[in-house]
Amino acid sequence: MTNLLWTMFHVLVFPGVLFCVVIGVLLAGLDRKLVARMQNRVGPPLLQPWYDFLKCCGKETIIPRHARRSLFLAAPVLGFAALITVALFVPVLSCSTYSTSADLVVILYLLTVVGVSMIVGAAASGSPFAGVGLSREMVAMISYELPFVLVILAVGRMAGATTPLGVTFSLQAIVDWQAANGSMLFHWSMIPAALAMLFVIPCEIGMHPFDIAEAETEICEGTLAEYSGPPAGLFRLTHCVKMYIMCALFCAMFLGGISTGYAALDALVVVVLSVVITFVTMSVPHAVCARFKVEQVFKFYWTVVAGLALISLILVWLGL
Amino acid sequence: MFQKMIDKSMAKSPWIFHVNAGSCNGCDIELVSVLTPRYDAERLGFRLTGTPRQADIVVVSGPITSQTRDRLVRTLAQVPEPKVVVSLGSCPRSGNVFKGSYCVDGPLEKYTHVDVSVGGCTPKPEAIVAALAKAAEILAEKRKEMRQA
Amino acid sequence: MIFTNYLVCFFLVVLGIYCMVSQKNLFKIAVGMGLVDYGVNLLIVSVGFHDGGTAPIFNISELTRSSFFVDPIPQALTLTSIVIGACTTAMTLCLIIMLYKQYGTLQSDEIRRLRG
Amino acid sequence: MIPYLTKALGNLFRAPATEKFPKGEPPKAAPGYRGRIIYHPETCVNCGMCMRVCAPQCMERTIEPLPNGDQKITLTFDMTSCTFCSMCADFCARKSIELSDDYMIVGTQPEDFLVSGTFIKKAPPPKMTPEQIAELKAKAEAAKAAKAAAEKANG
Amino acid sequence: MYDFMYHFPVLAIMVLFLGAFIASLVGRRNAVIRNAVVLIAMVTSLVLILSLVKPILLEGQTITYWLSNWEPVGDWAIGISLEVDALSLFFALIVVVAVFVSGVYSFFYMDRDDSLVNYYTLFSMLSGSVLGLVLSGDLFNMFVMIEIMTFTAVALTAFRNTYEGALEGAFKYLVVGSLGSTSVLIGIALIYSQMHTLNLAQLAAMLPGYDSPVTIIAFAFLFVGFGSKAFLFPFHPLAADAHAVAPASISLMISGVLTKCGVYGIIRLAYTVYQNVDVNVMNALKSVCNPMNANFVQYFITGVGVVTMFICVTMAFNQHNFKRLLAFHSISQVGYVITVIGLGSALGLSAGLFHAMNHTIFKGLLFLTAGAVQHATGSLDLDELGGLSKKMPGTCALFLIGAASISGLPPFNGFASKWMIYQAAFQKAGETGNFFFVVVCVAALITSVLTLASFIKVAQSVFFGQLNPKFAKTREVSLGMRIPMWILAILCVVTGLFPDKVQQWLLAPATSAAMNAAGYIDAAMGQGYAASFSIPSFQPQSIFLSGAWQPVMWLLLLVSVTLAVCIVALLGSDDKAPAISETNTDTPADPKYESFFSGEASVYSQVGGSDLFWGFKHNWRHYFSFMHNWHSGVVNDYTLYGAAAIAVALVLCVIFL
């Protein structure tokens, strides 16, 4: 009985819904504020994403005639649930609740489930704008998948070179390895992989320069064209929480070594680190460059970013 | 308690959907300039959305020409319930200099109840910000009425 | 092992494959398939012959003057393979007839609706 | 790419260039800004030039005859159909229309946009009846005769 | 108990052939009897094989059945034998289940066709021959079964000969298929010339130590022959043409079962008969004689697998026909299986077998949904279909389960086997330190994303979006068609949730049986036979994984998180707020529920088919146009590719082995 309670606690509070939502909302709010400040304007209050979510909850949900009711309403919940499950697996620096029950490949596929839930939601809404949005979301997914996979293999190989198997995908093993001999970022051969991962984060979340799927100016909010009320709010919340998850994943994979005494302080360190990562990877590109065209995103990721990741994979492979 | 938070947050994050019912683009430019650093409507939580489905405030600009009339009516119907209609500039309210022409189909009042309107042939951005702020309050009240009803 | 048999088999198979690849007329392709089949059947039969060989069921002790003969098993295999060759040719011809009825031509260049 | 980057990062440490408007009071408009119309009814003579010259016909005039022949004229300007071209102000001989620099023309009810003014226009003196004309004529001749006599007297 | 089971393998095969014979006799006049006969044949073979599971899979016995009792005389195999060990039973299970499901499906699917007698005769002959191939222990017997299988498959592909392109697809399949079978025959002839026996067990004993170029050439021929049956790289256009035109239940049989026979042939060839894939077997044999170079065989098989996998997925990307797209995907999944089998490690083989089983299940499900769509609407063109999920909700749900499991989304079985595949590929890379296997692992991951992309394209252009007015009056297919689909769907989910149970009961015995050549030989030829030929006895390799994956735990988390989210959502909206407004059909003209068209009245504008994924296709347009021309559709070209494949395989084998 106790571990059921403990599970509920984990799911609902610490690495689960409450923690992720709070940190996610703060990160998103901070991101919008920083972008505004970089454009020399005041920018919304810090809790703006929370107000957006609450306002969406207050609105009425319209289900269009061509939409499939059950799938239309289930898609956001499925996406959010899969995302929180990823949150449970990502170790917060040293301690993690369930990181033994899954590894990087599972996390990769759970993030695909989150993307697919948005795509299924768009398909179920039956609007042509959503159709175009869904095809762009898929192209974005294909484009960031190659570098993301190369980074995972590089990290797996680096952390697992000594294990009998020659490779490890389990995040716990990666974090322990970093605790033993210095976090991954300080090994020079891993720096291209870290850079590639920093590039992957905005495309995975769909932040401004790469948000070809929800380009409100081009295809009227793309995948969310038909969503109003609580489902739309939940999709936006998933968007914010995903920011936190990706930063936490980056910290776990590349900055795992640093760990203070106990969990609470670790969580704080992760939050600070993810603020820095958000600023570097999402706010600056958002303020500085315009939105990419669809095939530019694909070409950019499969040549530049994949090349970076490949360099570090080869370096790690040669045992450096 | 949660409902009160929602009502408060309605006023804090109203999203705008701009319908151009045949306007001469003077008011459209002014509306977009509201989001620039100088006037920065985003401080109050405003955000321009692409679809009426996610809109709270519908800003209509231009005399309702016969071509845009059906599209306007259809778009206004597609906005989810607690919605506020703002008429931008003098054209929607009265048709300005185009009043009485064969292709202008009368003031906006004929199609929906206009909550807030901004006078001025291209009103100043501050006027638009003031109007939007008032519209946000009306939105919160509408949500409260809807909840009580 | 008669070396000429293997040479003939080799040529038969190669010619058959060349015919299947180069000829545009469907009948000629069927002929090519037949050629390949005969080449292989000849190969299997000629595999059985060893000068001084015998069927695998006799062991050394019972060898008598009359027990020297060609290994019967490949011949059994060839029989089945000939039957199979016949069925293949029969089915090819049926398909060609119906294709002609439907497409009105025997050139394999025209019969290419499924592509890409 | 890089110049924007330096500009953006520089902005981070500068104060944002946003007005405090909804918090503070609205900034003043530029001098000579054509804003809301101010109507001085007392100088108006109801000549109708402004209505004739206004493109969007935003004026409305209602005239009520008073018992003593005067007219109570109210002139209302509809701000929502006015284009603020100030033609009416230029053509008004009496300078009774003036465009102020108040640009905050925001309202929810239609009345917020109506600027109106009423004045009473004296009726012209009543038309003279034939007897009054004859009487006046007689008075005029008498005055002329008296003046002729006076000239003769001091001749 | 043992001797009672002894006759089951041959009985299972004979029942199906007998069913074919009786059905053709009796079925001409009366349809019910014909269906009954076929059904009885299928059910009995299913029961027979299932009853064999306990002794063979769980207790690890091996049944060797010498036809007409020709026991080996003086340790020399004379007669034809059926040898059923865990590996062949594993494949037999897949075959029998697929046959049963597709048989039940075709009772309802083929109701609009005529001359069904021929259909059912050919169908049960096909299933009988496939079962025969999987259980047989004699090489020539396998060849005969391959021939019957090819004939019946060709005839069934051309069954609906009025269908546009059916005859053409069947003809191409026959011509190039016969080329493949001939290369198997040549291989058998060459082996017989050296070994003078065709019994698999005896060959397995004598071949590894035998050092002569002829057996190497025979290996090349046999590999290409079985590869052509599994539609590997140069033979894949055949499958695309055959599937696109065959009835759905037959395309299930072809893609689910025929390809598995090709895979079974390759596994038997590489693991048991030649034993040249396993590196430690090679080292063990090194002391005795110079065995084949196992590394090359691994690279060769894995290379063919990767090329097949990648080309077929990209070819599937801009297809217009639903079934043709599924065909290309089924070959790319077979490419996955072959890639992992070529690795030679125990984990690799068990991942391959697991994926083979999963592939039959979810590919069968997808083909049956394609059949249902064709049965209901009559067209399979992705560009004109659309919005069918309103009219056919059951089929749409089934399609989603199938698509989710083929693209490897976590709760389904596709993910479990793909996860093992990545583990095996990268573990092999880690062990040998060779970068080639990293490329293999990356290619596998990218192919999985491309599979996901093309199935989202199919979902959007067939089931979601707006309904084409042309198909306005489509109705859901009959329940009889949906029950087999539901069986497959439930199998999909079950194997996805309990992969460790599947691994323990099905995969471990099958893998150890495949690797345990010595056991295979001793079962057939008597104890000690393998030792006499110094075949290394089998040390079971332990399978340990470099990551962790407990699906049940994951599912528990997902359920609890969904509960949490629902609580939050319910908190938000109370009853008075208009929670969800239903589309009331009484006011059809109410624009509120029209989808947003930037104001326009919503006319029919379906976004689907070829106008999806513009960004990706634009970047790869040169590659796609080259591939489009390369698949020219002319019979001669395909035969040329086949012949070229044989030539390349020969040259490579002779150089490296």
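Think of it as A, B, C, D and E in the order they're written, each chain with its own count starting at 1.
Assume a contact is a pair of C-beta atoms (placed from the backbone, for glycine too) under 8 Å apart; a residue touches a chain by one contact, two chains touch by 3 or more.
These numbers were taken from a predicted model, which means no experiment stands behind them.
Looking at chain A and chain B, the chains in contact with each of them are D, E. Identification of common neighbours of chain B and chain D yields A. When every chain is represented by the mean of its C-alpha atoms, the one lying closest to the mean of all protein C-alpha atoms is A. With every chain reduced to the mean of its CA atoms, the largest distance from chain D is reached by C.
By number of C-beta pairs in contact, A-E leads when A-D and A-E are compared. Rounded to a whole number, the gap between the C-alpha centres of chain D and chain E is 89 angstrom.
Separation between the centroids of chain A and chain C, computed from CA atoms only, is 61 Å.
If you average the CA atoms of chain B and of chain C, the two centres end up 82 Å from each other. In terms of their C-alpha centroids, the spacing between chain C and chain D amounts to 111 Å.
Multi-chain contact residues of chain C (touching two or more other chains) are absent.
For chain D, the set of residues touching two or more other chains reads 16-18.
For chain A, the set of residues touching two or more other chains reads 36, 39-43, 54, 57-58, 60-62, 129, 220, 225-226. Two chains count as a pair here when they touch; such pairs are A-B, A-D, A-E, B-D, B-E, C-E.
Listed in rising order, the residues of chain E touching chain B in the complex are 571-572, 574, 576-578, 590-592, 594, 596, 598-601.
Interface residues of chain A, counted against chain B in their complex, comprise 32, 36, 39-45, 48, 50-52, 54-62, 129, 216-217, 219-221, 224-229, 232. By the touch criterion stated above, chain B contacts chain D in their complex at residues 37-40, 43-44, 90, 93-97, 99, 115-121, 123-124, 126-127, 129-131, 133-134, 138.
Those residues of chain D that touch chain A in the shared complex are 1, 4-5, 8-9, 11-12, 14, 16-18. The touching residues of chain B, when paired with chain E in their complex, are 2-3, 6, 19, 51-53, 68, 70-75, 77-78, 81, 146-149.
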